[in-house]
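In what follows, subunit A forms one complex with subunit B and a second complex with subunit C.
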Partner chain A sequence: MVKKLIYISFTFTLLLFAWASSGQQRFPKPEFENGYVQPSPVTPEPRAAAMEFFDVIVLLVALSLASYLAVKKRSRQGILWLSVFSVAYFGFYRNGCICSIGAIQNVALAFADPAYAMSITTLFFFLLPIIYSLFFGRVFCAGACPLGAIQDLVIINPISLPRWLRKVLGLLPFIYLGLAVLYAATGTDFIICRYDPFIGIFRMDAEFHMVVLGISFLLMGMFVARPYCRFLCPYGVLLKWMSMFSKWHLSITPSKCIQCKLCTNSCPFDAIDFPTNEKEVISTKSNVRKFLIYAILIPVWVVAGGFIGSKSHTFLSKANPNVYLAELLIAHPELKNDPDNIDVQTFMASGKSLETLVGEAKVIRNEFYIGGWLLGGFIGLVIALTLLNQVIYRKREDYQPNRGDCYSCGRCMDYCPVDR
Partner chain B sequence: MKNKGIIIFLIILAVVIVVVIVADFTSTKPGKQGENPFLYDVSEFKKVDPALILYKETKDLRIKFDRPAGITYNDGHLFVVGDSLLQIIKTDGTLVSEIALPDAPECIEVAKDTIFIGFKKYLAVYNMAGELGKVWEPFGEKSVITSLAIWNGNIFIADAGNRKVYRYSTNGKKLNEFEGKTSDDVLHGFIIPSPYFDLAVNNEGELWVVNPGNHAFENYTFDGNLRAYWENSSMKIEGFSGCCNPAHYAFLPDGSFVTSEKGMVRIKVYKPSGELSGVVAPPDKFKDDGHAPDIAVDESGNIYALDFDKKMIRLFEPLRALPE
Partner chain C sequence: MGKKAKNRREFIQSGMRMSLGLVVGGLGALSLKHVTKDEWVWQIDPFECTQCGRCATNCVMSPSAVKCIHAYDLCGYCNLCGGYFKPDANKLSTAAENQLCPTAAIQRRYIEKPYFEYVIDEDLCIGCAKCVKGCTSFGNGSLHLQVMHNICLNCNECSIARVCPSHAIKRVKAADAYIVKGDFSKGGKT
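And now, the complex of A and B:
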């Protein structure tokens, strides 16, 4: 507990330095001291290109260090200090932008819109953690992700969630990933950035409701470890897939497991797979039957999901400003004369005709129709595979980290009495 | 149940998270935006403390110009140019004479019995009877003459187009010119984003040139060497704001500066040191985003503002003697 307080205090001190060194604007803002509150921009000011490449180098170093500390050095202490650094640097100093999680949207939009140019540094931020996961597991989550790190620092009294609840909530990141890609690809919104609960804390300029969101996640994180990482993070989905095939991954014990069971309660993320109990394994015949049923149902889930997704496309597309505005102006043409409606007035001032807007909205809605099929099909597939996974028997003799769910935080290693 | 309190707490937090996200997602739609947080609202800066107002408007003189251009005061008369016309008016508003001009004038200055009128690219000299004396050669293709000042046989001409000040003898002989640079390798001298570039000579014979892009007054020797300056960039009442202010100015008899600003139109008085004395006319006296009135001052410290938007000369008289 004392150690934890030291880490938190150190992080706080670092963020104060980051705050103090944030510098002055090139041109001073006007002195709006008479009741006018200068609104904060949605994204932080751009950094110099050289600094962006420096950030990529820092990420590379952080990932390499996290891999070394988790796989080779086996140092929980080192990973914790790296987390503190990541919160201070990638979080408070860099204002959390651009981050690997949000880069999903840039990549999706770059694929969907040839006119959208994505910077090379954004691509690095997207790819590097994925590549490292393929080799070393989720070391990005362990110590290089500021969102994960800030949650990791507040874990105080983690409780274990029931398996069924973990499985159900575990579907949310897939849905979030699908929605984020759909909204980004259609140019609708970057919802990952918009609902990043910690970005406002890092920038210290959040609106009230985002402060509430961030604090709620941190309070929740005191008892449910890393709630955002486990039950929302869309990037975690990609890292999980990669990590499952990782070449080298953190292990609880450096050599042979002595079955002491000391590590069983060490993981706050319920990411340790226990040795299989042969007696509890249901009969092979029953298992095979279930497996076959679930396997046959996979296409049904996919088609059903796609069908529901396609039927939802009208609702989903309302989030697109053009679609919403077109519907609004068709339903309420009198709004064209409403001087207080900023969006309508901005559209009118653009000189674009309503017919053009409606034409654009139809194109976008069609994209949502196709996207709805893909999104629904993807979610259906995820549900089907999750069900199928329940009846797949994997024999385990030792206590092992679950390669997909393990964040490589190294807590379990500290509990292992085997030294070498 | 084990951990019952924690579970209730977690459920509440989960509800809060869902409510925040759903409420934000459904509320931030086009047409549902509230007040525009990025609205450029400077209305607060238009409010002026009544204690700062040192003048009151006592008289308005209607003028018949469609496009008033400039005003100056000399020996009990106001000389106003605009359209293609020069009018000489008594301070009570009586028209003394009206002289047709060959072109659209930009500015005017009077010395003894000679009237100098600045057109866009050249100067013309008239006598008090309205007879054309001499027309000067154009200053250049890019010239935009905006202001004239006369002192002791010298005439200073502000050229906003070339960002230069020319010094001529009143006979028309060029003496020198300068760009407001301390040396040739300095990148910027006078910064003039729009054709507002004023200059004047006070009763001490000091030439003060406005550097509008810097919101500065710069005092030059007649040879063009910078001797002193003061500047004040601010939207507050004591400063100048926007791309190019003050747009016009004149000297009071005690050497104070009477400044006129565009954008947020206001007329103010500064001590010779550059410290704000007070306000002649606050922004609510003028049209929003209007033109900066040209300024003329008489021997008694009365201020004549040529209001380009209302097309009138507005007389402001001091409420009390200006502080020393």
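And now, the complex of A and C:
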């Protein structure tokens, strides 16, 4: 009986389909006689926009406080408590979103896609730490970034990594930054957010592999201090550039270095530059030759990088869902009849022709071709400049924080015996 | 000599600082063109949704922030509800075996002959879209999915949007955070 009813209703549906699509009701709403009052759908409001501005103010206060504590007050303890606050507020309370690291992608997408406009709070989150770095060094990393802070809090017994390893792994953030901008600008994906290792910990909920990644980063971070910050963080690249030329910066000693060497092992990040050893400085002549060779090689690196980048554009573009679907349908036309493939079935039902899809995919792939050149060229330039930096010797007489790599965490200040 | 070298170093430092400052300032000024005062939130366009069921499994929240809501204006108050009953239901009763919803989140209540009201218990709904599919295929389409903003974390990039086959999830302004169906076609009033 019921089955029959359903069949009837099904045919009824088909009959009425033309009606329904032209704006008619299949089953008109009844007129009730017993005074029935219709409830209204439940639609809870989103978090008020005012609260987003409150986040910006919290960030501003955290950055100012970190600058004050690192540069003026010289208090490691203060920075420690500030990082605890940042982990609690930006991490566990705000669930790690919104964050300055991810804001890179919003900015990239806003510039690439005219239809997308970022909210003003996102722009603040992107710009404020950069501006502060230009004046006070990487104070954002010191205490305001929840990702940095959670790693800073788990450092137990940091080991010193050899210089070559630091330099090689130090190239990864540049590659990550380039890829993130490329994927965001092409509207493909926000990889920084998707592969944020700590967001699962902040939210106490994530996919299994991301939880494993987050916990392994924290375990690794007990011995290799701040692994994400040093060898992955794409935003750190921007802050590093700013911090290298910052107006003020944390200093190990409050006045004059007495060369006591007490601070040498205090930095978990190997970010203290030692005084130049006159004996080790290679003779100027061979150094100049090396410098010239590396300088001439810069364009070679850029072009080679760009070439490799452009060659890999087909591979890189596979992450885009449109390109992926178009490729899949061309390579396996039989999938059109596969009822289990939701993507293909939805596409077939949408009435869009394969030609349109392939056309869209080609546009995106072309963007990836240009992006591949830029990305490869950028990475080539970074490698060339890193090499060039190896033969530049700056004369240093004291123990100083390396302005690019120093996170202004303030550990070294506690080791300095000079009082004022 | 030493003083001169120091002066040169300071000159390069401040020169670079100025140029970086200009770059950041310029970037900021250019970005102002691409900025809105509104906050953005994620929402499902119910007219694009194809009820694939991925909302239930791909949200970073578990259970998903996507839930079914009922646009009562569109409901036909049918006895044989395509969103409530399984297609092979034995009997049009509230017995669990007849219900389509895996969590029994839809409550059916008799109003007057032959009409029944269907209310969704949002706490039980997991956003699987089974009822939406039934209602859209056999009924008026008054049941449809929406992102619930008391649960949604407003991720920078919605992890459901990435896998949505019909691109139904889009950014909307926080002031109009819901797209509740108010008419039967997309062009109608909402």
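The rule we apply is simple: the second predicted complex is superposed on the first by the 372 of 420 C-alpha atoms of A that agree within 3 Å, B and C clash if a C-alpha of one lies under 4 Å from a C-alpha of the other, contacts with A are read in each partner's own complex, and residues count from 1 in each chain.
The working rule: a contact is a pair of C-beta atoms (placed from the backbone, for glycine too) under 8 Å apart; a residue touches a chain by one contact, two chains touch by 3 or more.
The shown structure was predicted, so the numbers you read here are calculated from the model rather than taken from an experiment.
> Touch check for A:Leu213: first (subunit B), second (subunit C), both, or neither?
A:Leu213 sits against subunit B, while subunit C stays out of touch.
> Mind working out whether A:Leu328 is in touch with subunit B, subunit C, both or neither, as first, second, both or neither?
Touch partner of A:Leu328: subunit B, not subunit C.
> Identify the partner contact of A:Ala349: answer first if only subunit B is touched, second if only subunit C is, both if each is, neither if none is.
second
> Answer with first, second, both or neither: which of subunit B and subunit C does A:Asn106 touch in the superposed model?
It touches subunit C, and subunit B stays clear.
> When the two structures are laid over each other on chain A, which of subunit B and subunit C touches more residues of subunit A?
C
> Mind working out whether A:Phe315 is in touch with subunit B, subunit C, both or neither, as first, second, both or neither?
In the superposition, A:Phe315 contacts neither subunit B nor subunit C.
> Have a look at where A:Phe54 lands relative to subunit B and subunit C in the superposition and call it first, second, both or neither.
neither
> First (subunit B), second (subunit C), both or neither: which does A:Lys247 touch?
It touches subunit C, and subunit B stays clear.
> Does the superposition put A:Tyr393 against subunit B (first), subunit C (second), both, or neither?
neither
> Of the two partner chains, subunit B (first) and subunit C (second), which one does A:Tyr195 touch, if any: first, second, both, or neither?
first
> In the superposed view, which residues of subunit A touch subunit B and also subunit C?
30, 34, 36, 39, 194, 321, 342-343
> Which bits of subunit A are touching subunit B when the two form their complex?
Against subunit B, the touching part of subunit A is residues 30-31, 34-37, 39, 157, 159, 194-195, 197, 209-210, 212-213, 216-217, 219-220, 223-224, 318-319, 321, 324-325, 328, 335, 341-344.
> What part of subunit A is in contact with subunit C in the complex they form?
Residues 2-3, 5-6, 9-10, 13, 20-30, 32-34, 36, 38-47, 49, 52, 95, 97-98, 102-103, 105-107, 110-111, 114, 116-121, 123, 126-127, 130-131, 134, 189-190, 193-194, 203, 205-206, 241-242, 244-247, 321, 342-343, 345-347, 349-350, 395 of subunit A touch subunit C in their complex.
> In the complex, go through subunit B and note every residue touching subunit A.
The touching residues are 3, 6, 9-10, 13-14, 16-17, 20-21, 23-25, 29-31, 33, 36-38, 41, 44-45, 47, 234-236, 241.
> Any idea which subunit C residues touch subunit A in the complex?
For subunit C paired with subunit A, touching residues are 5, 13-14, 16-17, 20-21, 24, 27-28, 30-32, 34-41, 50, 52, 54, 60-62, 69-78, 80, 82, 87-92, 111-112, 115, 117, 119-120, 122, 137-140, 146, 148-150, 152-157, 159, 162, 165-166, 171, 174, 177-178, 180, 183-185, 188.
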